[in-house]
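This report concerns only the one structure given below.
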Amino acid sequence: MSDDPLYDRGMKVRREVLGDEHVERAIAATTALTQPFQDAITRFAWGDVWSRDVLDRRTRSAMTLALLAGLGRENELEMYIRAGLRNGLTAAEIGEVFLHTAVYAGLPAGNRALAIARRVLEEEQA
Amino acid sequence: MSDDPLYDRGMKVRREVLGDEHVERAIAATTALTQPFQDAITRFAWGDVWSRDVLDRRTRSAMTLALLAGLGRENELEMYIRAGLRNGLTAAEIGEVFLHTAVYAGLPAGNRALAIARRVLEEEQA
Amino acid sequence: MSDDPLYDRGMKVRREVLGDEHVERAIAATTALTQPFQDAITRFAWGDVWSRDVLDRRTRSAMTLALLAGLGRENELEMYIRAGLRNGLTAAEIGEVFLHTAVYAGLPAGNRALAIARRVLEEEQA
Amino acid sequence: MSDDPLYDRGMKVRREVLGDEHVERAIAATTALTQPFQDAITRFAWGDVWSRDVLDRRTRSAMTLALLAGLGRENELEMYIRAGLRNGLTAAEIGEVFLHTAVYAGLPAGNRALAIARRVLEEEQA
Amino acid sequence: MSDDPLYDRGMKVRREVLGDEHVERAIAATTALTQPFQDAITRFAWGDVWSRDVLDRRTRSAMTLALLAGLGRENELEMYIRAGLRNGLTAAEIGEVFLHTAVYAGLPAGNRALAIARRVLEEEQA
Amino acid sequence: MSDDPLYDRGMKVRREVLGDEHVERAIAATTALTQPFQDAITRFAWGDVWSRDVLDRRTRSAMTLALLAGLGRENELEMYIRAGLRNGLTAAEIGEVFLHTAVYAGLPAGNRALAIARRVLEEEQA
């Protein structure tokens, strides 16, 4: 525990959503270059936003997957697809998120995310 | 009723989500230039995607609002904020969608959508 | 005529595509702040790219309209819709450009551009 | 043939533009997760939009390549570069599409697409 | 002063960069809907990021203006152009930011931001 | 030296910013397909924009890195991170550029660029 309640709350929620294993790996990989970024996102994304209970985590996961696909931020899709399962989305619902995304962000955005989802979901089911 | 079941199903769902009044206005405003677009989106967005029950409409509304805000498609935000209320999102939840969006699409995207939401939600409550 | 052939060629093509009236207005409105930008785009966009005959101007107009709609750069749509007519696109073809854009950039991008096109094309036909 | 004329028309046009080999591969790779997406895009992108003759396929190919490059949807560029050749664009014209795109979407967008085009076009010519 | 040092530091830096008048207006306009967003950005954007001295504020202003122009987030440009002057950028340097942005994000992005800059800078000089 | 002063000035600045080795490689790799693009960007990006002294190169590097990260143009990040060091940015300042970018373009944009920066900076320091 640090002496910063915002950081501590963020780290707790981040572990619950992304999994202990992922967070341990991220902490172990942190360097002087990436430390300020890691700290700021723990406080803001996890301590300030994801920790609020106005929206449930399943809905937050659906929105996050839609945004990552729509904005073309492919590198975080795998991590958030696994988090989506942890937050209660089924494989079929995750596929549906990307079909829905295609309506608003164009077919290539949905198609690309669905290809990544297919691989990750097959790994999870294996 | 047309003789195209995909179109008919789309028009039914579109009316349920966007409201009869909005759809009547859109139909009245359709010209030779916009007719093919109106028909195609009724089939695809409403007949093919929104009509599927894999995801509930409340979750679809949350994702749609996040995508419109994140991609900067401001002109449809008002219509979909009203649709969000119709689909069961509360005003506080709609505000939360845009706070969540700010994490993944940047603060200006969230801030702009929240300003639009504030105006629309005050109109709805009046 | 300046002593810069790239600039002169650019200004000639720019006038042909955007119209003398538009270019005169742009020149009259130029200030010390905007001069370097105006000069650079005349050389690059018009002298270096639009002046090449590898692709005809009608195809360039179609691509430009698709890109402006897809990237959400609304402020230049009106100018380039008028240029599209000048370059040989019909009103129906311009509408079709935005239906096509909706497939790859999402429905809101196409819908917004079509609304602008409708107004501009009605003005041109009046 | 299915009993859905929109789907059948879409599949026919999709085969003509993307090639039988590509479409066979896509069908063989379809799973329960990706089926709804495949069906919806066959109807919308190919049955509703690409099948319309308001714009010729060569112009549609040029716009599609510009949009994919401008929006950074790299994963479909290869498929659509090959489709562009099939639709009558020459290698030089495809290069020109990406030079034109750079004007409106920035130099990195054009540069990246041109690097992919170079590799794909050399493969096609070999 | 609140009992949250991150918030207090953020509010101090926010006032220095955006001006007391702007911040007072933002506070007065805050509602239950926008409060969580206002608090989170004060902590994250101003308390966590802008308050770090690894980069000077003039460089941060230049990057912020480039990002807002490149991403098409027009609504915050005016506020950050005024902040740029406060942080030591000259009018000519702000114009140059948008010429530079045009290289990487396309000419329309730079052109639009420059039009806004021209108006705001003329107001500031008046 | 060519007989085009804009091109010559561009090539000189391009070599100073990107390094002789990079530019020699780019020239050696140029084909008939990529030549017009290479010439146009040498004139526009390097001869017309980067060669202007209204903004120093260190500030231009910071803005360029922010734009590439924010727009998701990952393929040029490595080249411009090395250019940033050449233009006087420290490793810590480059990391800070991407933390700042995260505020305006979202956390995934900053996170991805930071991962690339970490690898490139470790290579440079080795």
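The letters A, B, C, D, E and F name the chains in turn, as written, and every chain counts its residues from 1.
By our rule, contacts are C-beta pairs under 8 Å (C-beta built on N, C-alpha and C of every residue); 3 or more make two chains touch, one makes a residue touch a chain.
Quantities reported herein were computed from a predicted structural model and do not represent experimental measurements.
Between the contact lists of chain D and chain F, the overlap consists of A, B, C, E.
Between D-E and A-F, more contacting C-beta pairs join the chains of A-F.
Of all chains, B has its CA centroid at the greatest distance from the CA centroid of chain F. One simple way to say how far apart two chains are is to compare their mean CA positions; for chain B and chain C this gives 30 Å. Distance between chain centres (mean CA atoms), chain A to chain C: 40 Å. Shown for chain C are the residues that touch two or more other chains, namely 36, 40, 44-45, 49, 52, 67-68, 70-73, 92, 95-96, 99, 102-109. Note for the complex: chain B touches chain F at residues 70, 102-109.
Of all residues in chain D, those touching chain C in their complex are 44-45, 49-50, 52, 54-55, 58-60, 62-64, 66-68, 70-71, 73, 92-93, 95-97, 99-105. Contact residues on chain C toward chain E in their complex (touch as defined above): 31-34, 36-37, 40-41, 44-45, 67-68, 71-73, 75-76.
On the side of chain A, the complex with chain E involves touching residues 6, 36, 39-40, 43-44, 48-49, 52, 54. Contact residues of chain E toward chain C in the complex are 72, 91-92, 95-96, 98-99, 102, 106-112, 114-115, 117-118, 121.
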